[in-house]
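Structure incoming, see below.
Letters are used for the chains, namely A, B, C and D, taken in the order the chains are written, and counting of residues starts over at 1 for each.
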Amino acid sequence: MILETAKVLEQRHFIEEGTENFHLLTLFAPNIAREAKPGQFVMVKVDYTLDPFLRRPFSIFFCEGEKIALLYKMVGKGTNLMSNWRGGEEVSVLGPLGRGFQILPEFPQWLVAGGAGIAPLCFLGSELIKKGVSFKIIWGLRYKVREDLIDLLHEKLGSLIIYTEDGSMGYQGLVTSGVEALYEKQKPAGIYACGPWPMLKALAFWTEKENIPMQVSLETQMACGIGACLGCIIEGKDGYKKLCQQGPVFKAEEIKWER
Amino acid sequence: MGKINLGVKVGRLELKNPVLVASGTFGYGEEYAPLIDLNQLGGIVVKGTSLKPKIGNPPPRLAEVSCGLLNAIGLENIGVEQFIQEKLPFLKKFDTKIIVNIFGFSIDEYAALAEILDTTGIDALEVNVSCPNIKTGGEVFATDPKMVAQITQAVCQRTHLPVFVKLSPQVTDIVAIAKAAMDAGADGVSLINSFPAMGVDVFTRKPKLGNITGGLSGPCLKPIALKMVWDIVRNSNIPVIGIGGITNFEDALEYLIVGAKAIQIGSANFLNPQVSIEVIKGIKAYLERHEIKDINMIIGSLKT
Amino acid sequence: MGKINLGVKVGRLELKNPVLVASGTFGYGEEYAPLIDLNQLGGIVVKGTSLKPKIGNPPPRLAEVSCGLLNAIGLENIGVEQFIQEKLPFLKKFDTKIIVNIFGFSIDEYAALAEILDTTGIDALEVNVSCPNIKTGGEVFATDPKMVAQITQAVCQRTHLPVFVKLSPQVTDIVAIAKAAMDAGADGVSLINSFPAMGVDVFTRKPKLGNITGGLSGPCLKPIALKMVWDIVRNSNIPVIGIGGITNFEDALEYLIVGAKAIQIGSANFLNPQVSIEVIKGIKAYLERHEIKDINMIIGSLKT
Amino acid sequence: MILETAKVLEQRHFIEEGTENFHLLTLFAPNIAREAKPGQFVMVKVDYTLDPFLRRPFSIFFCEGEKIALLYKMVGKGTNLMSNWRGGEEVSVLGPLGRGFQILPEFPQWLVAGGAGIAPLCFLGSELIKKGVSFKIIWGLRYKVREDLIDLLHEKLGSLIIYTEDGSMGYQGLVTSGVEALYEKQKPAGIYACGPWPMLKALAFWTEKENIPMQVSLETQMACGIGACLGCIIEGKDGYKKLCQQGPVFKAEEIKWER
């Protein structure tokens, strides 16, 4: 765990009328990059004034050499400020934090992402490629994303299966229907998933029924990111868990999915 | 210019510098140990500790607000026994003062905690009185001078350690409460605790916190806390530890100039884990620049 | 979807929408008239007015703090007679409610103001009780339920207008004060006034305000004010006007959802002179988006 | 008085090791430009988050056609944020505010500036040139400024006399000594001044003694900028004055200079 002054190497904006918008921030952060594992996250200081007040958590999207990259959506004031960062700026990054994915030996494995949930799964996918583990990656979106973002993902991960709710890219439908369709052809040895709660919940019930081990990367409000404030708890089946320290990756069966 | 003295004395507690980290924002020290040198701190106030472990409030427990943070942790903690066995040995390795923040739901619980902690080798107790009194049906101890006095007395009778009473800001007359604590034997008071507050998500129309209400902390509170410290120091000789919204050395100096003998940094640790060290360095550089040899010459030096 | 109703009733006061501008932050309306259409506002609460003109505090009177503003204007105003002659005629030209914020240093002064303003054609009185009582040697009226009741009663006896008592947040039990005001005849309460606070310039070691202490306002206060409104509405049927840190329509909705019947915008007028109009528009758009026909269905709709 | 969404046309940074730093922000603000008079100011919203909370006041440095320009020093968080603005950005500007200079018919006139106090005097100088009023302009600085800023001022105002405290540009000394030196050759019909309080105070005593009419542009903390908050008062000889409405330009004799 390192508090590092990282340098912005590049920021790419995947923005276009009618697409889901993403931003890709590449940082020179050699110390964090050296330690980072797929599924871990960083806490980014977004401003030098006090509004926004807290750091913002982001999964590591990829980690190559001395660089780490974050893929994020602009949803509020913090990410808005971040989207203005340009090459050369220095930003304070705390990481790598939390426990990452536990890579299973069996395959095939499936990586199931919803929206910005692609971020930790991309890093995981690169790692699986390195390890020679075969996997499929399914990405669910509300509507299409810009082609060059898809190109980037192809480059990192090979082919991927896309579902959009409005059918504007890939197959039409929810990512969960994609999973079920795929399941008709093949049973996975394990699933790693990241995305909105309803998606993860649906997958959790389904994998339980089908008896497929699943790891999920969850989100919650955070303050410290290092286990000190006890603010980021999430309800597990056997009590509260600190998401920043015991997670953000959990086994699906540890989590209390009914709320 | 010779060596600068940063050492201060707050009641019977001697600190090598006036910069402490606040309860609940620094865990048990171990979480921050990979990020900063704990030896440099004036002291560490550990997470609020009760007789038995406490599970705390349902999520969500945090919400960011303008220049601040709402929290409803619900005093989750591992209980005093586990603290002594699992957390204290690590803390004792460092050359810094260890202050344990204690709370209970009856006077007896406070007294029992004081007794248990008395001979564990910690350096002081901070008594968090912002808890509902379950005997009287939930009225918060901190708002009644009589109850604050009773708790303080019960604690002081069971311990030889310096005792600081941590005050809640939501009172009409903070000076009366501080005096009640002192008359009952406290070494000083620390203030402020977080301020009762809430937030609403207008799209779901639900409270932002699982507990509906919580405590506000952060820079948004600083001007209020500073005024409360000022109210106490100009009406008494009570040693005060100032808390609330400190994010840099200037904020810390504001409290010291007004008259606080030491300060605690809370939520800002989240923003910048190294803030406490930067504050110590900043104070030192300030004294050098102004050619002041002793931090005690700054304390209470407000020009009115 | 048909027409949306934004009209609310707070005690006897009917407003075409729940958005008012707060006393002391909107002058006498005329200052903002070149910038916004005053006819669109639910109402204007004019600058605190006393029997005789008041000169106010020495400079500096303002200091910016994190997400807020410290002020020590010292209740400078032109006095009630000059207000009626020079300022009121202009305000009356607009289709909006005019509420006069009054203050005095004795109960008699409050009563006299109520009487003078009764038949001037204004729409309501807001009674600022955050003044020191010169008879008792300076204790602030707002912190004592008995004094608040006495002032309220004296005012209500001399006027036919709806009366709102504006509460100070620096009290242990805001509900008790609100109830005291209601029992004495008020139509409702408005809260919060600015919070006693201060700031220090660490380089000169002087207070940032000429008056040493002042009042804190702005977004930094919102979570505290919201909780106080919530405390009152869940413990009573008292009509509440919510004030504190509103800068956009979401902030305003937080208060309404919690249970305030109307809101006032203060310091945010400085940041954005058109904020009140934007808040009205924002609330309307929110209701449309959620297919809610009447603002009254939002008020008090917090899901706990 | 207009609340205008202005467009940043250009920002120039006069920054160099060993110079006093200035920033020149040129805004497209046709409505404000149409009404602005020398000595008036604008209130600029510096951020879209709430820290900093208030607008920041700046004198109008020049006003040409549909453009206004501000010349400012970076002293704190608001001006720091402003210094990042680039061409194309939209910013909220309230103005023109306050009363400007009253242009006297007699000449010669002197414009005496200290530091960023040059801002309102530059606009005034351009106006004097238009009116054919002859004037001298004396600018006091702590140390030198970048040559291209001087070039810019030459272009707008013709020649100017510079005093620096360390002698790194122009004459060495305080601007007040410059004024006295000049006075040996010529008596001005009137003085307009803007700068730090001690400079203005010294000038006020001197002009009183020498019986020279002087107008000063003052500064104080402000919140509303339009006379509503009563926060910006300054002590006049006959009571408090609202700086934003009755000023920022006052006759020197109106002000209580002893504090």
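We take it that contacts are C-beta pairs under 8 Å (C-beta built on N, C-alpha and C of every residue); 3 or more make two chains touch, one makes a residue touch a chain.
A quick note: this is a predicted structure, and the numbers were derived from the prediction, not measured.
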Subject >> Common touching chains of chain D and chain C >> reply: A, B
**OP:** For chain A and chain B, let me know how many angstrom lie between their CA-based centres, rounded off.
**Re:** 37
Subject >> Inter-centroid spacing, chain D versus chain A (mean Cα positions, whole Å) >> reply: 52
**OP:** For chain A and chain C, let me know how many angstrom lie between their CA-based centres, rounded off.
**Re:** 46
Original post:
If you average the CA atoms of chain B and of chain C, how many Å lie between those two points?
Top reply: 33
Subject >> Multi-partner residues of chain A (each touching 2 or more other chains) >> reply: 50-52
**OP:** Mark out which residues of chain C touch at least two other chains, giving numbers and ranges.
**Re:** 65-68, 218-219
**OP:** Take each protein chain as a node, join two nodes whenever their chains touch, and name the resulting shape: line, ring, star, complete or other.
**Re:** complete
Subject >> chain D residues touching chain B - in the complex, by the definition given at the top >> reply: 50-51
Original post:
Which of the residues in chain B come into contact with chain C in the complex?
Top reply: 65-68, 70, 143, 170-173, 195-200, 202, 204-207, 212-213, 216, 218-224, 226-227, 230, 245, 250, 253-254, 257-258, 286, 301-304
Subject >> Complex contact set, residues of chain A against chain B >> reply: 1, 3, 45, 50-55, 92, 94, 220-235, 239-240
**OP:** Would you pull the chain A residues touching chain D in the complex into a rising list?
**Re:** 47-52, 77, 81
Original post:
Quick one: in the complex, what on chain C touches chain A?
Top reply: 66-67
